[in-house]
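Note that the chains take the letters A, B, C and D in the order they are written out, and that residue 1 is the start of every chain.
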Amino acid sequence: MTDRSAGSRRTRQLRTARLEAFSDGVFAIAITLLVLELAVPIAGTQGLLTAAREEWPSYLAYAISFATVGAFWLAHSTISEYLTSADPIFVRLNLVLLFVISFLPFPTKVVATYVHQERAERVAVTIYGVTVLVGLLLILGLWQYALRAGLVQVDVGEIDERLLTRRMVPAAVAYALLLVLGLLAPTSAALGYLAVAVFLIFPFGAVRAHRGDAGDGERGAS
Amino acid sequence: MTDRSAGSRRTRQLRTARLEAFSDGVFAIAITLLVLELAVPIAGTQGLLTAAREEWPSYLAYAISFATVGAFWLAHSTISEYLTSADPIFVRLNLVLLFVISFLPFPTKVVATYVHQERAERVAVTIYGVTVLVGLLLILGLWQYALRAGLVQVDVGEIDERLLTRRMVPAAVAYALLLVLGLLAPTSAALGYLAVAVFLIFPFGAVRAHRGDAGDGERGAS
Amino acid sequence: MTDRSAGSRRTRQLRTARLEAFSDGVFAIAITLLVLELAVPIAGTQGLLTAAREEWPSYLAYAISFATVGAFWLAHSTISEYLTSADPIFVRLNLVLLFVISFLPFPTKVVATYVHQERAERVAVTIYGVTVLVGLLLILGLWQYALRAGLVQVDVGEIDERLLTRRMVPAAVAYALLLVLGLLAPTSAALGYLAVAVFLIFPFGAVRAHRGDAGDGERGAS
Amino acid sequence: MTDRSAGSRRTRQLRTARLEAFSDGVFAIAITLLVLELAVPIAGTQGLLTAAREEWPSYLAYAISFATVGAFWLAHSTISEYLTSADPIFVRLNLVLLFVISFLPFPTKVVATYVHQERAERVAVTIYGVTVLVGLLLILGLWQYALRAGLVQVDVGEIDERLLTRRMVPAAVAYALLLVLGLLAPTSAALGYLAVAVFLIFPFGAVRAHRGDAGDGERGAS
């Protein structure tokens, strides 16, 4: 028994190491490619600063997507921190998640292009919203699957487990609401997506810990 | 003897670690670059949604190539899981494979461009088919070479060994048939390439294991 | 106590390993994407060499940004070398830094575009200067935070600690001065940014060590 | 003494690990970005296949640069295999090398553009040749510096050491000759660069070992 568990631990390290390396690669590339969509503003008679200011939708879309991919990476790295092994189904679920992550630069580009065209903007923001919602649900699914399939360290405190879920479930609900809002007020919805990403990133637990004494429960909050 | 094997084990870790890191990098970049080819649909009078719908060949080509690179990465990571060392020839074969992987975004772009032009589409789909067939044969060759050159863990069960081959040989045959089909019905052939990638990715063994009790044989199925 | 510290050390390796892998990915991609902005010079009647010479602002901007991202990566890797663990706040600060790093190709492109248009050039160089100043302040902040939050090895010699700060504080001051200079003489300011990057990269300590005998203090100078 | 060496070994692993991860990232991105320069051939009346055939200079330039970056990566990974530590100067030299590697897609693009314009082609091939020559000299310099600064395992056999040099010195001489040839017959010079890359990649030692019994000397040949 000990022999087998030692063997599986070795397998684990190989397996999750490559899973993480590949995932980190895709996350890092997707987050860095976003900048390629920012076009140099054309400074005509009105000057570069004015021209740049008119390009604000691109910058906003860039910031939203950077924050979203960053938040998803944080959640993903927190999950992988607790992972003791990966099984075939987990690896495939992860591949589907990476599909969504690497796709995100496209809806970002579409939103930035159509911000000022009311009807098209609604479609663009809806495509964007569906993409991030699916992404978040896949991360949640990955975490739930890992818990049920026993891929996770035995000593994950209940607090930690709940903290991860406690972040992502309200975010998913917010994404669903923003999908509806996007049909009425697409620009506000875009700001909403930024707010959710900041909520996912912000280290509430850590701040509390600095004030009080939350101790080990902190780890889950990261 | 033990001394030498300890030394080679150390070498192994260095060597295969960089081999994997570099390979993961190329796979991750190739799979993420695909999204750059998706152009923002031009919403004229007909609306963004209609415009986007007309771009379906790009999206299909994107999905096919993502699935294919994903499937190849899975096969590659399964091989490297069993690897105990890498020799000069293995490293070079791997470099040729990475050449094909990093080339794939190009035929993808060509297929997406020429979907509606019958004659050109045939040429495009054939170039695509040759690329993925060569890629698959190289992965198979990598695996066969690793087995013969003794680069693989002694305890790879026969089941595992066969499982990897059992996946890739029919896929290679399917690719060869799709090459012929591509001359007659290029769009159907494109869908065939998607089907093969899904076949390569789908965790049959794992599903079986959840129902029955396939046990250790599972590892090979991943 | 020993048990806990052993556990946290294990957590540490997981945590900082992914933090470093993701950071290295973003740094490597940002530094390599810069080359995509270099357009092929159009050789008309005057020949390719003359055409290429006229494109010098692009090449200069490319070299400045490569040196700057390289210098920031060096500082970042030196910090992470001393890191024994990462906490939620450190991870978020790092994410903000990566935001700035991955954004840098954009101001680089803007500077290269507007070098010969006096008014626009000032705006461009100012945007560039603000970006690199914020980047440097974030690295300094990361280092200060790591020191205060106790994330750093106990045996960081005072010399090492000061060496890192001794490099970055004057660089930050120089960046602030170059921001002002950029309003008067933007091209000179651009050269100033290159000089600061070279100053950050140049291994003063190491050179001194080769002459005299600086010993362990060297490590901090890297 | 043992204490210090243990400590430096720990430092080593941190230091060279990030050095390798960052280097692998830049190599992997540079080699994969090359494909972005391949434009979809425009199939007019003459058909896609004829159009694609006319684009052969792009494909050739792509293949040459892929092989060259691949060869340089092989040499780099062989060096890092023997590395026991990295010092400040080694890290900076490596950064300069990465500058050249990440720059290579640009001369590749220039060569592909000007293949059929005699005068411009000469300039383009010369720029290309200078870039790869500088790159190779930097790798050689890195290796020589590592040997002299004692950054290399004590048990590097003389054979191994010579093998690495024995490959790179003739390649550097060939590059210098190709620079001259490029002024007279630029297309032949381009094929020469491909030949040198293949020479650098080809596992001569390994082939010999399979026939005879070269034994441990093999490692250096990789």
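Going forward, contacts are C-beta pairs under 8 Å (C-beta built on N, C-alpha and C of every residue); 3 or more make two chains touch, one makes a residue touch a chain.
Given the structure is predicted, the values throughout are model-derived calculations rather than measurements.
The chain with its CA mean position farthest from that of chain D is A. Overlaying the C-alpha trace of chain C on that of chain D calls for a turn of 90°, given as a multiple of 5.
Computed from the mean C-alpha positions, the centre of chain A lies at a distance of 26 Å from the centre of chain C. With centres taken as mean Cα positions, chain C sits 36 Å from chain B. Under the contact definition stated at the top, the residues of chain D that touch 2 or more other chains are 21, 25, 29, 33, 36. Taken together, the chain A residues at the contact with chain C in this complex read 20-21, 24-25, 27-29, 31-36, 38, 40-41, 43, 47-49, 52, 66, 70, 73-74, 77, 80-81, 201-203, 205-206, 218-219, 221-222. On the side of chain A, the complex with chain B involves touching residues 11, 14-15, 18-19, 21-22, 25-26, 29-30, 33, 36, 87-89, 91-92, 95, 98-99, 102-103, 105-106, 109-110, 113-114, 117, 119-120, 123-124, 127.
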